[in-house]
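Right after this note come the structures.
In the two complexes below, chain A is the common chain; its partner is chain B in one and chain C in the other.
Up next, the complex of A and B:
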């Protein structure tokens, strides 16, 4: 890898994966293939999920949320992705000297609102202030703990040929919203970030958890990146059908204009699931019954053969969907 | 409070306390008086401690450690301060574009070394990269989970008049080391940061845990800040004896030169304890038996009267040791 850190190392794509493997796994141990959105710890009383994420999004405020809501939901969703019931979050703030206290209050209140709405408390925190110019306004790191129900075990290694891929709604809303905001285009657009907590949605699948292979929230790097990780972790190929992918018309149009592919755009309120084929319709019906899952759709399936992601286009042709290389959109989350 | 964030909001002193109370507690709920270094969660299998801290120290490398070792030990020590046995850490990295990968590797390896030495795994992580100029090289946020033994319950509310205050070694080494490094003075000094994990030291007190009222690592804001927090949380006064405070001669001399008071200097490998009077000598003997506690000393006692910290000086006079106001040393941890 290169000698200096480049923005692409934070893209969530291939360069991020290499940085993590070569620097962090090498130093700290662990198996990249075993990685999940949350670590799972065995305690005497059961299994605990543990996860952390830093949020460096710019701008701090956007249609549909702000960095506080994002940091709260992001960590809740990482717990949800291993099937855990979130029980507590921590929040650590790195603040640039000169930041408006009013903005900080708005952001903290927005986390507090999420906390009250979900009933998940923020129980630990830290505040650091750095001199002007040493940070860009505000970074938040949230960590979370959750309890995993006994019967739940979601991991890509459980994937079998024929399993179905489900997404819980439209693709790329968060990434498109932030890009449009930054580019100053599409001011009239109704596309808001989809930033929302998904633990309630995932918990609805508990009664059919034996059919749920794995779950992942498609954040940085988007659906394309998650599917590639799953292909690698399960050592199978994944087939997606372009005309089954739910994308808002405005997102589709805006992406064409900006030269972006919605399959790589960040989502902050969408889950991907791999479900055993015979329960896929049941799972879809369950997900559609939840406000956060109204637009859920079966978008593909697990196949044999080479470890890769293949898209069947609207015209019936097939193309590889690679893991993204290089920077896609910096500071999207 | 002021309308904009000032460096002093990160000092660990009075302005930090006000920021946390007025912004974060207001927004997120919770009781500042109940606060501890780690949150304590009741699970079916027992009590879990949960804590988080961001590290923004500059420079990244210093005599006795680096930001990686510091981030590891800091979170371990916050768990130790509630008597928890650390079971897992998470680490989240915010990296500035352009950082040397070699430096990042050194830092990650230093965390890995601490992990192997202590047997505490780093089980979850995240990496974000921000554009050049939007962060100062590297910030690390570590969170940690620990299990609290059944009989352990360390909190300032247990404090009684007559209890003794113990420190586990010399005061101000970390703060002095970083300041000397930044000021370019005292290059020949042998004063290194005291950065070290203290969970083993604290665990030695488990057999006499009923006599241990509370424990705290005296980091940002130093011993003076912890004692003031304890006075407030226990609603008692605390008396410290200046000539019992262990301070290295070089630190004492350097502080005189720089106009600093070692009682407010950060430590990264020292614990403060409040111990029931009849067990104070036992506790001292136990602490002195551990390599990290060789210079432990009884430095004061809990008294009645007004909530404040009083120092009896070497000349027998008494003065108030206030909570520090304003910025002491930015980016010390």
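Up next, the complex of A and C:
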């Protein structure tokens, strides 16, 4: 096979077949002989969760992952946020003519690795090649389907005054990592993207699901955006404590340098939860028992009054945490 | 060791003291945009007594850039020979025909850099193009531009030049102190600028205008200590210029940087958005280095432009009105679609008010 993607790879002919077989089947598993126009899944009872997400991140490779891993985890986490057990994913690849086949293989393999690790198969896919300049190397769209356990119903409308807010780890690692990388900041950085699947972490709360009001993954726009969405959807105010927000020192320092606020930076492996006050400590202990939730913390609570997010600052003063405006970092996921 | 908890206690002690001694209305101006942001982020206005009013000054370089300059460097960026290198904040500033961000989306070569030396590196590697660096900022960033010019001169680089917008801080302070409509009692003086220029250039504020002034650090207790010092001095009717940022600001400033500035630049009149032309408030490139001045190299003319009729950036910069008293604020003019430059930069008064919603916190 040639080293770079050519338009003929997207022709639907022999070259397409070879690309799909050699790159995608090899990486993601499955038997090309059994291929059909649709995957057929057995879904036993219950409510079905169905979601889709596109990934256009630049650069394609970053510390802690690549666009393949990200596209897998992103959709898995969207399913996880409604409490669903992910059953299967699809993946569509839009490839720019001239892309390195070796890079494409690496990306497909890292997606395959996540699939094997989690036991969630990629059962359908598509590839298209567009001429040079019509895309930037590679865009991926993944869709996912999952089953929601009977007792699970996570939605902001269940929120009550006094509920506690929990985050599953440090804020802003992904956003900081990508920004630092893209801006070519010349500082030694140990911060990696937190890109990871979280369905296992969320599922641990199934035994106390009655106390779980709502769950959301804090991707683009970060924690600050999710809290504002929740305040609006629940028509309540949310109080967060600056001192309790987990942020890596390096992210804090780097953000100060770049004029960014970690509360608005993207995460790709962090969940936010609203939990009934009397079960908040239990939930925290459960989350901390999972490798993806070691740094979990209670960061705030739901209060009455005006629909807004208020931060009690580390100086003991209070200020509004608005919905972020203006420049949001482009192509962060 | 001083812990964060001690600092927090100290911060509140200072705030309590300010509340205790503030018995009559006092108008303080924080000159520097970084102070504006620090004050918003730490929620300092919320703990000050109603007698102490903080107004935000002209210390955001983006905000005081004249429209005619914005339009001029926009035209420059449209030139296919040109790579325009700039600090990030300038990218979204709206001129009369859009912003650099919009030009960039249309294919103009606009690159965000963190230092002037990065721009110099483009000039070395892309010799067929003219690399123009937008030299914007006060005495804090001007030495970096001076260093880049000096380096380019030594290396004989002929495809590197500056669109020079550098300005100096003391001169607009003179205009503000002399303005009868504002009547500022005290100035929270900029920390970073003072690292370069030292204490002396502010003495005239106390000596000629009877205004108090204190150079401040950026941590909330430092800002609060500065407010306390200013209120004390104003109460005692003993205006002085003090330095509360001694750990980095020497009385004489950074003499090496001053010499470098003097070697490359000469004081010249400059146009400030909202304040108009201010004598000797700009840094022009000296004749010896004029081949690095893109205005001379490309014979660029600045054409005067009409401001948006509703935009009151000028009154806001002078501290005559607060952002929410402008009829465009948060309606026509938001950080996504800024009308005036005070809304563009993260250090702009309007952006800071918008972001931290100073007026609406209950």
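Simple rule for what comes next: the second predicted complex is superposed on the first by the 287 of 333 C-alpha atoms of A that agree within 3 Å, B and C clash if a C-alpha of one lies under 4 Å from a C-alpha of the other, contacts with A are read in each partner's own complex, and residues count from 1 in each chain.
The working rule: a residue touches a chain if its C-beta (ideal position, glycine included) is under 8 Å from a C-beta of that chain, and two chains touch if they have at least 3 such contacts.
Bear in mind the structure is a predicted one, so any value in this text is a computation, not a measurement.
Enquirer: Quick one: classify A:322 as touching chain B (first), chain C (second), both or neither.
Expert: A:322: touches chain C, not chain B.
Enquirer: If we overlay the two complexes on their shared chain A, which of chain B and chain C does A:259 touch? Say first, second, both or neither.
Expert: Touch status of A:259: second partner only.
Enquirer: Look at A:314 in the shared chain and tell me whether it touches chain B only, chain C only, both, or neither; answer first, second, both or neither.
Expert: Second partner only.
Enquirer: Using the superposition on chain A described above, determine whether A:278 touches chain B (first), chain C (second), both, or neither.
Expert: neither
Enquirer: Report the partner of chain A that touches more of its residues: chain B or chain C.
Expert: The partner making contact with more of chain A's residues is B.
Enquirer: Based on the superposed arrangement, let me know which partner A:305 touches: chain B (first), chain C (second), both, or neither?
Expert: Only chain C; A:305 stays clear of chain B.
Enquirer: After the superposition on A, what does A:235 contact: first (chain B), second (chain C), both or neither?
Expert: neither
Enquirer: Looking at A:161 after the superposition, I want to know if it touches chain B, chain C, both of them or none. Which is it: first, second, both, neither?
Expert: A:161: touches no partner chain.
Enquirer: So in the superposed three-chain picture, is A:112 touching just chain B, just chain C, both, or none of them (first/second/both/neither)?
Expert: first
Enquirer: Is there a shared patch on chain A that both chain B and chain C touch, and which residues make it up?
Expert: No residue of chain A touches both chain B and chain C.
Enquirer: Tell me, which parts of chain A touch chain C in their complex?
Expert: 183, 185, 259, 305-306, 310, 313-320, 322, 325-327
Enquirer: In the complex, go through chain C and note every residue touching chain A.
Expert: Per the stated touch rule, the residues are 4, 8, 11-12, 40-44, 46-47, 92, 112, 114, 220, 334-336, 346, 351, 354-357, 360-362.
Enquirer: Please give the residue numbers of chain B that touch chain A in the complex, ascending.
Expert: Going by the criterion above, the answer is residues 1-10, 16, 19-20, 23-24, 26-30, 38-39, 41, 43-46, 48, 50-56, 58, 87-88, 90-102, 104-105, 108-109, 111-112, 115-116, 121-131, 133-136, 139, 141, 143, 145, 147, 330-331.
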